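Just below sit the structures, each encoded as structure tokens.
Both complexes below contain subunit A, partnered by subunit B and then by subunit C.
Now for the complex of A and B:
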């Protein structure tokens, strides 16, 4: 990975970081924080699904584990919020490794893998809904105490920057994977697992590494959610909504690219908000409009927004040298 | 000749001076007071959200048509509606939008997760927030100064439910000894089942089985068969609308007739749609839930108005109506649309607040929770929903045991 690879990331992040200096309305900042949280979850999905071709329908399992771990550590064990965040990411990664080990060892692929991840997320949801330690169905509340030491900020702008920093880290991680031998092995598995194996790629190990990283990044998003809204319940943490968001954003934005998840999350949610503006007082119209646009996007841009941009961009003359 | 002559300047100047010098209330008349109404009108909770909106609109229309807020010179209330889309993120986003539009307070939320997130978002701006339904006890235990709940919390509702069940059974000569609990596996259901499992044996009931079901559930035959084989005196279901309707219908079809069906915080047992659509299945079903005060003429008038408009009546309507009335009362007493003053006035609400239509004792807030709030017991009798407990609000006698 060279400085050239990182330049687009640095420019994009720096420009985004300036947003709170110009936009001071919390409506917009709150919206952007939610977009960044979803984008981070989607970036996690993208490592496994976009690069590795292992489509998970249950990234909620990692999102929720991160969210619950940080909430439980803080409220039940008095762990500092920042340490809780790190441990939450670790817990999510561990959950990823375990689920990966169980399903990849059994040779589950394609739709079977997708179904198993979906089932894991559902099992986690039901357990979290019944267990004592997760507060059962009443959910968990993190005490409101707005101090930076508690990972709570009075200003939405600061939280925006923290979320952006994490998204930037995930961007760098993704770009690093893209440029590394690990990334090449992962793409080889995506394109043809048998061929990759024949070439000497340790497929189990590569896939396990991918799901662990993927789960860790998505768990970070769960931790952020918990710190931002200060409330988690089984439906929020392990509900299908986040699994869908996590896979929809990269697919719309461009799976298997560094910026795909971010662009996907931003355009999906911006679309939702714009649809809401036009819908006026009729409830649900915006969701219907949103659905139509989604169908159109998938029909006309199957490679996502980045793929569409690449296809329609006039070909430049190849640079000399 | 100049475009603006001396006379024009004089005239305009005098008018401007008069406007500035005029008492504050004259100017206030022009500006309306914006109140945020947050309800989930899309998604899984859409039906409840619409009911809540109906209640809030009824109160706002009434206040505006009877001269607006008097202490603000007759200022009208302008509703800023937000769709919480049945999830906490959307609720928070709408609170931010309402804040940007300059509301003085927010009423609503309906579901506990939405209320928890939305009250916190509002707390950042010291924006007064009145929770309409959300029963989670966590809502008023966080020390948020802006948050008030007019209705009862989970602890009060369930405690009262067990209490009243015992009284009801004792009064009828203790016909019920055995119980089967049927509950949905989320907040209401599982929390309630746990409490019942602890409390009922202490009061002489034997729990034969506790059956959990998910929401949504599409088939209740197995649960009904299980109930039939256990043959309990009492079935205590706590489920959302569709699941309970399904259970009640399945029980009716399979001729399972316990001595009583005693629901708690049930989505259907005190819902007119259920009573209208399935009168036989609904007959004699009891519920411990929020309900309006049937002896209050104002409540009857509001209900008639909603009925005449062809809209559904459920507890969300009187609760939201009462919450908006509570807010209006606080603004009147604060004499200003200043948020801090409204919060102070809300906290100081006393028994003198009579504009609500709930069967509550004197209003008094401790940590934002109305101490006068409580649930009532209702029973479906003669295709209508009647209050059977407590006696001070009841408009009918309980029919228990239901079968000879």
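Now for the complex of A and C:
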């Protein structure tokens, strides 16, 4: 990874960081923070799904584990919120490794893997909804104490910047993967697992590393969510909504690219807001729109918005020779 | 270098390989021929670790590798190509080859440099940045060879890398195969193009219906009555003849 590889990330993040200086309304900042949280979850999904081609339908399992771990550690054990955040990420990564070990070692691929991840997320949701330590169906509140030491900020702009910093870290991580042997091997597995093995790729190990990283990043998003809303329950943490958004955003934006999840999350939520504006209070209109969008993306832009842009842009490089 | 000891492989009721033994000498080009369905690809898959034999052992450099997974065998120095080409379709030619090169060169710049060199070597130098999916069949065969070669193997298993190529493409590829051996890579190859087998291989094993029916110098083997019968008797002559005729 060279400075040139990181330049687009630096520019994009720096420009985005300026937004709260111009936009100060709470609604807009709320919207943007939610977009960043979803983008982070989607960046996690993208490592495993976009690069590795292992489509998970259950990234809620990691998002929720991060959210619950940080909430439980703070409220039940008095752990500091930042330490809780780190431990939440670790707990999510561990959940990823375990689910990966169980499914990849038994050779699950494609739709079987997708269904198993979905099943894990659902089991976690049911357990969290029933267990005592998670506050059962009532969920749990994190005590309000607006101090940076508690990962709580009176200003939404500051929270925006913290979320942006995490998204930026995930962008750098993704770019690092893109430029490494690990990334090349992961993509090789996506394209043809048998051929990858023949070239000396330990496919189990590579997939395990991918799901662990992937789950860790998505768990960070869950922790962020818990710190922002100071509330977690099973429907939110382990709900299908986040599994769907985590996979939809990269597919719409461009799976297997560094910026795809971010662009996808922004597009999805912008469209959702516009739909709400026009269709008013028709319940579920944004979800119906997401569905149509997914169909359109799969049919017309299988490489997402970034792929579409690349294909329609006139070639900058003159053809060789 | 490579010793296969009494390999048998059954798929349910079908015996694809029956007590097959072979010995590949270091620095040689050894041929493995036989009619369609003889079990050549199955034997390659067993040597490379993609299938476990029902019975028998695979020894590589005096070491029993029968239970080693494919990626371990690649690390030890066994590389294979696939008869049905398996490109990483979404990647460029050089990225495809780099996946192989990463085995011995963990750094990206080294792997790409190595991949570029190997691409030139097999005649893909002009196609480095093209998507693998856009290659012709001849190009894809070259890509198979390049990727395997990029792992810097000691033993290279070539499964019909010349099949589907026209005579002039075969004339281009044969010297490449020979030059790879000249650099010290041992080669075991299956081929239906007899002309190529005759000119490249020092020693040939003949499989038919899962059994080894002959072995020796290519010339002698071709005159073997059993071998002729195996080919003609099974009606494989139809495939055998056009391949030979195309070269004439």
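Throughout what follows, the second predicted complex is superposed on the first by the 296 of 321 C-alpha atoms of A that agree within 3 Å, B and C clash if a C-alpha of one lies under 4 Å from a C-alpha of the other, contacts with A are read in each partner's own complex, and residues count from 1 in each chain.
Everything that follows uses one rule, which is that a contact is a pair of C-beta atoms (placed from the backbone, for glycine too) under 8 Å apart; a residue touches a chain by one contact, two chains touch by 3 or more.
None of the values given here were measured: they were computed from a predicted structure.
By the touch criterion stated above, A:180 is placed in contact with subunit C alone, subunit B being left untouched. In the superposed model, A:236 makes contact with subunit B only, not with subunit C.
Touch criterion not met for A:163: it reaches neither subunit B nor subunit C. Set against each other, subunit B and subunit C touch different numbers of residues in subunit A, with B touching more.
In the superposition on chain A, contact is made by A:154 with subunit B only, not with subunit C. In the superposed model, A:202 lies in contact with subunit C only, and not with subunit B. Once the two complexes are laid over each other on the shared chain, residue contacts for A:305 go to neither subunit B nor subunit C.
Look at A:143: by the touch rule set out above, it reaches subunit B but stays clear of subunit C.
Legend: residue contacts after superposition of the two complexes on their common chain; A:194 is shown touching subunit C, with no touch to subunit B. No residue of subunit A is contacted both by subunit B in one complex and by subunit C in the other.
Per the touch definition, subunit A reaches subunit B in the complex via residues 25-27, 30-31, 34, 126, 129-130, 136-139, 141, 143-144, 154, 229-231, 233-236, 241, 281, 283-284, 287. Listed in rising order, the residues of subunit B touching subunit A in the complex are 41-42, 46, 49, 81, 83, 87-89, 92-93, 96-97, 99-100, 112-113, 116-117, 120-121, 123-124, 136-138, 142-144, 185-191, 194. Residues 179-181, 184-185, 187-188, 190-192, 194-203 of subunit A are the ones that touch subunit C when the two sit in their complex. Touching subunit A in their complex are the following residues of subunit C: 48, 50, 69-71, 74-75, 79-80, 82, 86-91, 95, 98-100, 102-103, 106-108, 111, 147-148, 150-151.
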